[in-house]
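Note that the chains are named A, B, C, D, E and F in the order they appear, and that numbering of residues resets to 1 at the start of each chain.
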Amino acid sequence: MSEGAEGLAGFGFELGLLKRVRRSGWWHVGVKDPESVAEHTMRTAQLAALIAVEEGADPARAAFLALWHDSQETRTGDLPHTATPYMTKPDPRRITADQTQGLPGRSRDMVREAVDEYETGVSIEARCAKDADKVEMLLQAIEYRDAGVARTGGWVDSARKDLHTETGRRVAEAAVQISPLSWRDR
Amino acid sequence: MSEGAEGLAGFGFELGLLKRVRRSGWWHVGVKDPESVAEHTMRTAQLAALIAVEEGADPARAAFLALWHDSQETRTGDLPHTATPYMTKPDPRRITADQTQGLPGRSRDMVREAVDEYETGVSIEARCAKDADKVEMLLQAIEYRDAGVARTGGWVDSARKDLHTETGRRVAEAAVQISPLSWRDR
Amino acid sequence: MSEGAEGLAGFGFELGLLKRVRRSGWWHVGVKDPESVAEHTMRTAQLAALIAVEEGADPARAAFLALWHDSQETRTGDLPHTATPYMTKPDPRRITADQTQGLPGRSRDMVREAVDEYETGVSIEARCAKDADKVEMLLQAIEYRDAGVARTGGWVDSARKDLHTETGRRVAEAAVQISPLSWRDR
Amino acid sequence: MSEGAEGLAGFGFELGLLKRVRRSGWWHVGVKDPESVAEHTMRTAQLAALIAVEEGADPARAAFLALWHDSQETRTGDLPHTATPYMTKPDPRRITADQTQGLPGRSRDMVREAVDEYETGVSIEARCAKDADKVEMLLQAIEYRDAGVARTGGWVDSARKDLHTETGRRVAEAAVQISPLSWRDR
Amino acid sequence: MSEGAEGLAGFGFELGLLKRVRRSGWWHVGVKDPESVAEHTMRTAQLAALIAVEEGADPARAAFLALWHDSQETRTGDLPHTATPYMTKPDPRRITADQTQGLPGRSRDMVREAVDEYETGVSIEARCAKDADKVEMLLQAIEYRDAGVARTGGWVDSARKDLHTETGRRVAEAAVQISPLSWRDR
Amino acid sequence: MSEGAEGLAGFGFELGLLKRVRRSGWWHVGVKDPESVAEHTMRTAQLAALIAVEEGADPARAAFLALWHDSQETRTGDLPHTATPYMTKPDPRRITADQTQGLPGRSRDMVREAVDEYETGVSIEARCAKDADKVEMLLQAIEYRDAGVARTGGWVDSARKDLHTETGRRVAEAAVQISPLSWRDR
């Protein structure tokens, strides 16, 4: 499996790009050095698990889908919404296919199936992961607002109206009302 | 569950700290603005899944354990190795217990069990997650070396000698030999 | 012209994004916080003038074309080369048309004509601006190399083989041989 | 011209410093990592062209003057206003003379004439470039205000009262009234 | 003394870590890239001198104690308050003993005595240095508030109620009322 | 003393600028985000004490002089060496006089005397502080070299040939030979 090991190591280096690629939407509201895709991904996966367990779904699976949901951005970067009218959206499954072609079979199938399930968006776990993606953005918008950024309202609103689970909606509702420092006061 | 929703949102904000807390060891070798704990965590979880599926273990579970393995650092920061002689290591289970006490029951149990399984370190998935933690550090050390940092050797060595799975060892071996840009050349 | 003034101010704010959008290719070689599109654009415009005046072309016009050559990236970000297989390249003229539609007529025509001339790439000034775009990247690659980044060779090579003016080629040849600090030694 | 090529490459490296030198005034209001001189220069040149075309002046020439207006700061840095009582202001023409002495004749004359025309400040293009310098600072002040910085008022006021073209004044007036995100709403 | 010189140089490199270690509390309120321990230390030492001279104490001694008050954080990092319940506070004297063991005798004694006097906290100079530590945090909290950070109130309050000198109290009182830019207006 | 308290608080805010002003020379060698003046100042003061105690001078006084040696840079920024031919060097005593004019008498005299003694440069403590300024730069140059920066040689050389105490020279000699991580290996 030495070729397989090289494939895995090379894929590990490729995933490292997510630690450097910035989430581009925040540049629009004036954040100079916004969060990386990796930072967004970690909390999305954690939130996916929390939402899923409350919804009676499989939390490890929901977290797992979230873990790969933006992994194609090593090749395209994080495309802002304003790019939509000017390009066809890249197909995540196709990028994933290319990214994983040097992997051993089990690894390759595992990643491809996760991306496929997330993009298809039918399973309850996929829906929890998608809600987590929105809730994560909502929390970050509130954190930037509390760091001084004035025009995060559009991000908060778009996150709130796009949620499909009861838990996702309730967490979003709570997030806009409590202090981001509430956990310290307890 | 509105109290539960507040607990979940508050925990979400607490986890946000991992996007800002820096991995302290890299300051020692001269990296001014090193990766965040969240960035390390995302790739650790991805690597845990890859290692686990190759080892015949449950990849979603291994990734899930990795996802929470440093989540206590919201409260303590990332303690460098040089701190070891001067303090008792904080008990991760105790911090997790405090972090999750405002969560709804299912969420609380889920996080606590994941931290407990990782810390106990007996299950094959826990061992894959622990290897992923080391391999992630190894990849990052190589990435910093390629960005100019001279004294990453100690980090590379310590990662390599602490691996417990065959896949972890092989990926580490491959990583020190290939180019971090090998994925672009294909 | 108060509507025109609002259009100009709004366009000014949109161009401000170029001060925050990062040049994405450098993330691939491990630069965490690379130059902005605006930083690249300024030196490209300066180099375009220098190349043009040596080539007997109109330096102000060449600089002017360079000034708008990446201005569409406010809407798309800086797409890395690795994205090419997965999307149709956005049409710069179409984005420019949208960006300038709220401008007074003379401003609108001015920007559109500059983008059109650059993209058509036939005039000598457009060719000088395009060479400047490459030489700027070459200088930056050397500057990153001297700051420790190991794998800039691919960027240096691609810049050098894509030059169309005699001056561009000679400057590139000189750049790889002198010290970036040569100006201080004089 | 191989000596000329070295001179041009060396000058290109010197201009690269403008990508790193920070605009020092923003440190006073608490911005830790403010814009570079290059970032300011790019938008100043773009605004100079827009103001000039509306004023019936030569837009490429106005942009060209703006492109070199702070290029002397490679040697002095960006001197804050608070330094004024303690030093004689360095002579931009003298610095430019030194910076360009290794350039081929046409390049040397081109840069020196641009700096001279800007500093003399008599031509309509020079006045458009100078207004663009102020309007750029005004837009940046508003962008920092919207990112949370409280005390940008002095910068906004000083920019507004120092404008000499009708277009400059109208754009400034519009800028303080519209949202920096107005271009996205269209 | 060549061994002594190596000890001094090595200690100098260790102290360099304080230029990279971030003050962790600010991460809690959302500051992504907060001040370093070194930055905090410089102003603490300056304030200690100012407070001491007004209190009739020895200003050079008070500044000197402040200069070493966080120097142990090279080994532990800056532990946030939220870590308190989970660990025994490291003993600064013990860390200092280890840090200084390779130093020539006079240097060793000098640093150890300074840390001991500060930690004992009985001398008037130690009390001035401790007040300076709080006032410095207060000034920084106000500076972050003016840069947009919303939730600095807890830091301001905790600083104000923990002051032991009359001068410390009066400076704190003044700081919350004046503008951080008052020095420019004069 | 309420006016005095306002003066002290305002001076404290002014000194805060040193936490943001960057040391400009490092931009020349390609460091994008170099150390602040405050970071340099802290280690200079610590080194001044160490050098002084070995030289038989008063360590607290030497550290105290170092603490104010660049405090005038709140008003001028850090002027790079390349600026020297183009301006008269600002008079530190005159800036200090202005900075301290709103302070209570004892504070005012204290700061002015420290700056005067340092600038006069006759006392043994002033000479130790001046050597510390050079040794600090030397250590930082080595730290940047180990972080990948290629062209720090000129900085190392200029520091080494400008030292006036035996201890300063020996520490500099040792610094270029040992590893910056030697303190961790013990």
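Here, a contact is a pair of C-beta atoms (placed from the backbone, for glycine too) under 8 Å apart; a residue touches a chain by one contact, two chains touch by 3 or more.
Please read all numbers here as calculations on a predicted model, not as lab measurements.
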List every chain that touches both chain A and chain F. B, C, D, E
Most remote chain relative to chain F, going by C-alpha centroids? A
Counting C-beta pairs in contact, does D-E beat D-F or the other way around? D-F
Quick one: point me to the chain whose Cα centre is farthest from that of chain D. B
Angle, in degrees to the nearest 5, of the Cα rotation that carries chain A onto chain D: 120
Approximate Å spacing (C-alpha centroids) for the pair chain C, chain E: 46
Inter-centroid spacing, chain E versus chain B (mean Cα positions, whole Å): 31
Dist(centroid_CA(chain E), centroid_CA(chain F)) in Å evaluates to 18
Take the average of all CA coordinates in chain B, do the same for chain C, and state the distance between these two points in whole angstrom. 39
Interface hub residues of chain F, defined as touching at least two other chains: 28, 30-33, 82, 143, 147-149, 180-181
Chain pairs that touch, by label, are A-B, A-C, A-D, A-E, B-C, B-E, B-F, C-D, C-F, D-E, D-F, E-F
With touch defined as at the start, can you tell me which chain D residues reach chain E in the complex? 28-33, 82, 147-151, 154
For the chain D and chain A complex, residues of the former touching the latter: 33, 143-149, 179-181, 184
In the complex, the residues of chain E that touch chain F are 1-2, 4-6, 8-16, 18-19, 35-36, 38-39, 41-43, 45-47, 49-50, 53-54, 58-61, 63-64, 67-68, 71, 99, 101-104, 106-107, 110, 135-136, 139-140, 142-143, 167, 170-175, 177-178, 180-183, 186
So in the complex, which bits of chain B are touching chain E? 17, 20-22, 24, 27-28, 30-33, 74-80, 82-83, 85-91, 94-95, 98
